[in-house]
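Right after this note come the structures.
In the two complexes below, subunit A is the common chain; its partner is subunit B in one and subunit C in the other.
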Partner chain A sequence: MVDARKVAVTAVTAGLCLPLALFAIILVPVPGLPAASGFWIPAGFYFVMTLWFGVWGALGGHIATFLAMGYFQGFTLQVWADGALGDLIAPLVALIVFKLMGAHPDLKDRKDKMAWLIGVPIASLVCGLWVHTVNLYFGVITWPFWWVGVLTYFIGDSLAVFIVGTPLLRSLTSYVKQSPMYIWRD
Partner chain B sequence: MEKGKVRTFFTYVDERYALVRAHPAVKIVSLVVLNVIPWIIEAPVPLASFLTSLLLAAALLKAPLSKLRNYLPYLLLVAQAVVLSYVLGSRIPGNAVYIEFPWGCYVTDRTLLYMASVMLRISSMLVGSTLIFLSLRDTDVVYGLKSLGVPFAAAFAFNLALRFSALFLDDYARVRDAMLLKGAKLDAGNPLERAKLLSRTAVPLMVIAVRRMQDLSFALELKSFPPSGKRTYLHQFRWSRFDVAALALLAATTAGVVVAKMVSPLLSFPGWPFA
Partner chain C sequence: MVSYTMLFITSVYMLVAAVIAIDFLERRALREEFDRAVKSKSFLIYLRVFKVLMEAAVLWLIIAFFGQILMGWISI
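Up next is the complex of A and B:
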């Protein structure tokens, strides 16, 4: 059931990530890959939002990516299927890793840190596989270029999530715990 | 604002552009159809005909075609990605081999034809989607999605996201100015270093976001969101003959393309006249 809190999480996450995604595309563009960025700053934000607030945070990241990449690509079907769906899947994978390992997003104990260190690369890899398989399907890249795309995506996305997301989780999780939208209970 | 101009998503367009006055549902359906048709067609000549028809229809509807120039750099970016990938990394058999590489990939006449098809497909999606978005106002998102049966809460959240992005742009500017006043050099270094510096704005922005999220959820709850009774709307959009005709044309074109793809090789690669 959709309620006011869930709508607030989705809308604010999307609103926050949208300008950051535009900056990321303008500041660190990747030659050869349209509307891609070598340092996907919003990923750090929507990974964190998803770990704090669940699926609705991931949905916000999805909307932001769709709109930001769409601004450069004219809102095409490929944009939606490619980057936007990939960016919905990635934070959800990280959330599932945290749930399966019984970890918490405040990164206090060893289990939490392990879940973060394992979850982010797995999520980036799944997202990279998705994005470049869709690119391959739409004919934008060929099979020999597929693994190059997956590898660069895996490294670039993981790096951005670790650099932006780690300080956010470590410094703000205790503050966010006071929010009624926070999904983890000790 | 200039006289005779209408504010749409990213720009002002001439109010004579017929799609601006169309029912919001027609705009949303057009967006889907104009992306699905080039996705179904594989052959270069039908794709080129589709793109030409699209541009002619846009000119007839008085669409601001000059705005498409903003997307030319993007098309060039896609073109170089497609050319690089197909020239260096494809094996498409054809009638004549032009270049052969030591790693087993080669370029034939069919490689060039396939590259042209991919470019025409992406161009058709880009031109079609851009022309629709140039006519789309922010209220159209809520009203269009709602008239197509999407729950009001989902349409409302999508619209809210767009409005919040403008607020966060202001917040980002404020945080950046505060950092600059404290001596931070956000424009120093290569693009990656600049991006890392930009990411230092993360913590203050996130605090603002969490506070705003709570304020918004309280405001929505006070307004009894999601509405339990029958909701009324500020604007009323009536279906005109133009809207009904446009929807019928879109449905007939989609059905025609699907049937043609299934029963003849015309739309499959390489298609007429290369098959």
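Up next is the complex of A and C:
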């Protein structure tokens, strides 16, 4: 059921990630690769929101990427949709890893930290494979760029999520835990 | 010579960063009071979490601005 709080989580995530997606790509671009980033800062935020609030956070990241890519580079709809779907999939993969390992996003015990260290690279890799394989089959990139794209995505997203997301999870999860929207219960 | 635009933007960014730093110190000082207030007004949790996230986003935008100048993406 959709209620105001869920809409607020999606809206805040999208609102936070949109300017970051538009203006906060520090490293890159990779010539020949549309929408590739070596340090995708918004990922740090929508991963965190997804680990706290579930699919509503991921949806915010998805909306932000879709809007940012459309404005920024004049890409075709396929590239917007592809990248935005990738950014919907990635945090959900990390969420699934946390669920499978029985970990929690406060990163307090060893299991939580392992889930974070394993889940983020897996999520980034899955997402990179999705985005650039779709790009390849739509003829947006060629084979020689496929692995460069996947590698860029893997490193760029993982690095940003670790650097941006870790302090947010460590410092804010104790507050978020008190919210009824928090999806983890001990 | 630093351009006027650069000086202006840097001044605004420094003030914003200072406000965020002061807010951080205030949060630490008022932690117990906040925990008490949350018991009767649960929406304060959302306000705090969203505010801190936005402050972090602003700091990253500031870092990105100077990062992009260093990378040669933009110039002032």
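Structural remarks
Rule of thumb we're sticking to: the second predicted complex is superposed on the first by the 172 of 186 C-alpha atoms of A that agree within 3 Å, B and C clash if a C-alpha of one lies under 4 Å from a C-alpha of the other, contacts with A are read in each partner's own complex, and residues count from 1 in each chain.
Everything that follows uses one rule, which is that contacts are C-beta pairs under 8 Å (C-beta built on N, C-alpha and C of every residue); 3 or more make two chains touch, one makes a residue touch a chain.
This structure is a prediction, so every number in the text was calculated from the model and none was measured.
In the three-chain model built by superposing on subunit A, subunit B clashes with subunit C.
Touch criterion met: A:L168 reaches subunit B and subunit C at once.
Within the superposed three-chain model, A:A24 lies in touch with subunit B and with subunit C [touch as defined at top]. Contact with subunit B, but none with subunit C, is seen for A:A14 once the two complexes are overlaid on the shared chain. Of the two partner chains, subunit B is the only one that A:T76 touches; subunit C does not reach it. Of the two partner chains, neither subunit B nor subunit C is touched by A:V131. Comparing subunit C and subunit B on the residues of subunit A they touch gives the larger count to B.
Stretch 200-208 is the one among 2-10, 200-208, 218-226 or 254-262 where subunit B clashes with subunit C after the superposition on chain A. Overlap of the subunit B and subunit C interfaces on subunit A: residues 5, 8, 12, 16, 19-20, 23-24, 27, 41, 45, 48, 164, 167-168, 171-172, 175-176, 179-180.
For subunit A in complex with subunit B, the touching residues are 2-5, 7-16, 18-20, 23-24, 27-28, 31-35, 38-39, 41, 44-45, 48, 60, 63-64, 67, 70-78, 138-145, 160, 163-164, 167-168, 171-172, 175-176, 179-181. Of all residues in subunit A, those touching subunit C in their complex are 5, 8, 12, 16, 19-20, 23-27, 41, 45, 48-49, 164, 167-168, 171-172, 175-176, 178-180.
Only residues 38, 42, 45-46, 48-50, 52-54, 56-57, 60-61, 63-65, 67-68, 71 of subunit C touch subunit A when the two sit together in their complex.
By the touch rule above, subunit B contacts subunit A in their complex via residues 10, 31, 35-36, 39, 71, 74, 77-78, 80-82, 84-86, 88-90, 103, 105, 114, 117-118, 121-122, 125-127, 129-130, 132-133, 151, 153-154, 156-158, 160-165, 167-169, 172, 191-192, 194-196, 198-199, 202-203, 205-207, 209-210, 212-214, 216-217, 220-221, 225-226.
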